[in-house]
Amino acid sequence: MTPEELAKHLNETGLFERDEVAHGELSMWASRDGWVAGAEHLKECGRCRFDFFTFISAVDLEDEGFEVVCHLYSVRRQHHINYKTLLPRTEPRLRTLKGLWLGADWGERETHELFGIDFDGHGDLRKLLLPDEFEGFPLRKDFLLMSREIKEWPGLKEPEEVK
Amino acid sequence: MPSERSAGVLPGGPGEGVQVVIAGEGELATQEMTLSIGPQHPSTHGVLRVVLGLDGERIASAIPVIGYMHRAFDKLAEARDYRQIIALSNRHDWLSAFGNELGITLAVERLMELEVPERAQWIRMLVAEWNRVLNHLMFLGSFGLELGAMTPMFYAFREREDIQHLLEAATGGRMHFTYNRVGGLKEDLPRGFLKESSDLVRKIRHRLLDYEGLLLGNEIFKKRTVSIGVLPGEIAKSYGVTGPILQASGVAEDSRKTEPYLHYDQVEFEVPTGAHGDSFDRFLVLYRRIEESLKIIEQVHDKLPAGPIIPAKMPKNIKPPEGWTYVRTENSLGETGYYLVSRGGKEPWRLKMRTPSFHNVSMIPYLLEGVLLPDLIAVLGSVFFVVGDVDR
Amino acid sequence: MIFYELFDNFWAVLGLKLGVLFIFFLTAPLLIGYTEHKVLAHMQARLGPMEAGKFHGWAQLVADGVKFIQKEDLIPRAADKWVFSLAPAVVIVPVVVVFLVIPFGPALVNSDVAASCGAGGCGWWGENLDVGIFFVLAVTSVSVIGMLMAGWASANKFSLIGAIRGAAQLIAYELPLVLAAAAVAMQAGTLSLVGIAEGQQSMWYVVPQFAGFAIFITASLAELSRPPFDMPIADSEIIFGHMTEYSGIRFGLFLLSEYAGIVSLSAVATVLYLGGWHGFIIPGIPGPLWTLAKIGALGFFVIWLRATYPRLREDQLQKLSWKYLIPIALLNILLTGIFKVVF
Amino acid sequence: MAMTKEERQAKIREVEHKILAKKGIGAAYGLAKGLSITLRTMLRPAVTQQYPHVKPDLPPRTRGIIALQEENCTVCMLCARECPDWCIYIDSHKDVMPPKTPGARARTRNVLDRFAIDYALCMYCGICVEVCPFDALFWSPHFEYSTTDIDELTHEMDTLGKWMDLVPLPPPLEEGAEDPKEIAAEDKAYDLPAAAPAAAAAPTPADTAAPAPAAAAAPAEAPAQGAPAPVPAEAPTSAEAPPSAEAPPPAEAPAKPERHEEEPPQIDQETYDRHIAAGKSDREARALAKKAWILKRRQQG
């Protein structure tokens, strides 16, 4: 299905909040509570059949909160979707998709440690990429990139005026 | 439950080995042994660690531990402009550097809606396919090495050396090419490149027969790999496994075919698939993919048009407009995708890199449960991954 | 003459023989090792060692030996120290002892020396044992005790798995080895290695006993843990098996015993099947040279296999032994018996 | 029967596949085939390159080292700013030149005091060479400059200058390629046919006079956030450039940070002393001390 057709179909289900098509790619937003229900529809509905799990991650939108992005693909129908939801910064928490796609397991672990988003029902949110003693959530915008902070930028210098 | 055991705290310190407890009259109770394969172990080629629960030589549970090479690509990308990111993206999957940089340039070009000159697109295909051959040869060799046949590895390096020399003449790099630029390429091919390239295609095609004789036709190799580590297509898709592994499981998914980028729709090639999804099929698919890549390279030689390699009117500053896109490319090991969110700055707001090796490795526990310890090698070697690509 | 009288002295003869055998024991494995370096390299389109000793790196293994001696001899803290340090010796001694009974050349007849020898006669061997073949097969299987000692004492799981694999492999392959050799002994009608070699004057036993020869070579490879049967040390699975924790000269001894093992089992196979010192086509070449040439050829074959084949799996190896090699070896004995009785 | 080599091989392969498919004999054939391949390779010459004795033949584009043509550098700082690893260090001062004609205004130009590349950090991406608008930086395939100490990998101007001798001419381009901008511009200037080989980018100071304006007309990228644009008018020739030894040492720069609107990080002396005492190198201790300082300041507010 083309992104527009898919958007039309998905909007009819009433499970999603809004859609957007850009550069030939479709994004669907679900509410936090409807996250799993929407995902189930995407997987099970015969017209969607999103059987391929591409990735799950998040974007730090600063004041607006975190946008969780889950990219899905259907090998059978050959269409894509960016399945998104917006989480408030104060309470970043979401139901897990682990039961629907096996690949969500590690993806959610990664998102948890890098953004500090909790996935309820995941049950195994240990650190994946970072060392166990690491503190902080590196991909949040308020986390400073130390390698850029501790060294002076060599490009700062300007030629000195001769006295 | 062994699978819930935390990888951080391991029962059984050094030297404890197997503890045999006499349970009763004439009975022998054995305990499960924990064996940590890696992070420095010959068969994990890199710093992957797999914590195994062993019942004798049978693997009861397997937990991959990753992250030893995590370099925070996503974070670093937020502090770099797009040209710098190209140089950076070279480095995570060091065996398919060109494929990595291709993905990010395509993403930026899609956001900026740039027209890439024809010649640049064809040259990109040429180098990308050579890079694929380079990558696959490495795994063709190392799989044999892990099963104990050391010779294919050296043959693979012999072939790789020739290809690397060829690509070095064009790009200046043996592994990290940094040849792409947003809008096109850094510079055009040097004179004589096409002739050398087509000579090399013939040479490599001939030498591939050596691998066939040493491995594919070898009875011991078949014994070690046939019906070992069978991965059904549905499971593979659910894990997000791509590339040769998914194709070996019988799913002919290859974005060069299903959603062609560059000019892959103008060349003829096949997507090889396997029938059983076992280690042998994965290896066979890898081998066939090299043959297909060589076919593509030959077609590019014939079709390469003349012209510029970078648009005449390139914006001075590369600042993609506000928006987002996900671009996927069929990299050597599978789908490398970049989810790029731009806020109009010269640095991306967020660049999520989706790497094939990460998903391949996440699937390892599924394949390893219940196989023998020696089969660990046959499975790990055929689940093609680069540790830098797993950890990023 | 005083020179010949020397041969009358039991101790002088013993000392001489031991000296010669010791030199052989030190040089032959080095030669095989160097051959392995070079042959493997060229089979893999490489050059191999080229620097040590200038001419094609001939001194590479000497340099390696010096390196092993210089290196620190590490013993893990959790290791069983005595067993750990004793293991290399237990592995290497049986391989040395085998050389004592290998006949390298014919008996010395019609000379003064022969006249002064005792009942066993004398010739190009250390000792002509009546039960030579028994002795060889019995002694070579002692190595596995050293392997088990090393694996257990290292306090390392990889070592342990390797050692257990090695023991399992030995049990499985000792049987076809013995059965194949038994057929040869039946054919020759003697258990003495000298007698067996002498019996091949007109026809090498490889011709009537070809199945036995194939089984013997296969089983020897398994017993030596050489590819394609190198699961006990399988470097890509269990690092280096029982040798994982060893370093320095002890590790060097293990490696030496591996190459010495190739020499000794090649020598035994030469005597049993390839006519010992008997030459063919080209006359006038002394017997010992023929033996050495045949040992070299078998050694080359062993290296060639290493360059070509992947490794089998432990259970497949067991299956190969119990389901194919042992029945074929038994059948071979049966046929040999019938052959002996009928003709 | 005239069969090409490929056809014959294909036929042999077909037969082989048939044999291999059979059960017992196929296995034996496969095993024997493997032995034949290794034996055949053994009888052929090896491909090993005897490196220290025989130098490798590297293509001219190989990224080995970066050489500096000091006379061409106008201290525009583009390379240092575009470097992803921040591994280029430049010190400079402004020099007053006497007016060319009496009565005219005296002019200033930038003089390079220090140009160093830390090869321990460099990732050989070539961005600095690419962005340089005055052709002062060049790649050379030379690669033998390893050291035993990581600090010695920071190479100064004199070494970088010496490496200029090792820079090869750029290779001619493949058929169908367009000439690089500089050459196209020069061809136009001299009214030459367009397909002249790309030899003009040779790194001599005299030549650079022509390509420089062309390149400067399209400067690769404006420097970060309002830093002054390069001054293309003054491409100094080698005769005029004063030896850098005579140049006055640069005073401590009152650098006003532009990238971060905070004061530049300082060193937490206590941490620094502690790490020095622990035997860490000066470089490492300094980095850790800076990190500690930043963390401390963040805690304070």
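Odds and ends about this structure:
Which chain is which? They are A, B, C and D, in the order written, and residues in each are numbered from 1.
Operating definition for what follows: contacts are C-beta pairs under 8 Å (C-beta built on N, C-alpha and C of every residue); 3 or more make two chains touch, one makes a residue touch a chain.
Keep in mind that this is a model prediction, so the values were computed, not measured.
The innermost chain, defined by the distance from its C-alpha mean to the mean of all protein C-alpha atoms, is B. For the pairs C-D and B-D, the larger set of C-beta contacts lies at B-D. Taking each chain's centre as the average of its CA atoms, chain C and chain D sit 57 Å apart.
Per-chain CA centroids place chain B at a distance of 28 Å from chain D. Centroids of chain B and chain C (each the mean of its C-alpha atoms) stand 44 Å apart.
The distance from the centre of chain A to the centre of chain D, each centre being the mean of the chain's C-alpha atoms, comes to 37 Å.
Along chain A, no residue makes contact with two or more other chains. Touching of two or more other chains is recorded for residues 43-46, 307-309 of chain C. Looking at chain D, one finds that residues 31, 34, 37-38, 41, 47 touch two or more other chains.
Annotation, chain-chain contacts: A-B, A-D, B-C, B-D, C-D (touch as defined at the top). Residues of chain C that touch chain B in their complex: 40, 43-46, 76, 78-79, 155-158, 160-161, 227-228, 230-231, 234-239, 306-316. Those residues of chain C that touch chain D in the shared complex are 39, 41-47, 50, 304-305, 307-309. Taken together, the chain D residues at the contact with chain C in this complex read 31, 34-35, 37-39, 41-42, 44, 46-48, 50. Those residues of chain B that touch chain A in the complex are listed here as 4, 6-8, 66-67, 70, 72, 74-76, 78-79, 110-111, 234-235, 237-240, 251, 253, 258-259, 323-326, 328, 335, 337, 339, 341, 349-350, 352, 354, 358-359, 362-363, 366, 391-392. Contact residues of chain D toward chain A in the complex are 75, 77, 80-81, 83, 86-96, 108, 110-111, 223-224, 227-228, 248, 250-251, 253, 255, 257-260, 264-265, 287, 290-291, 294, 298.
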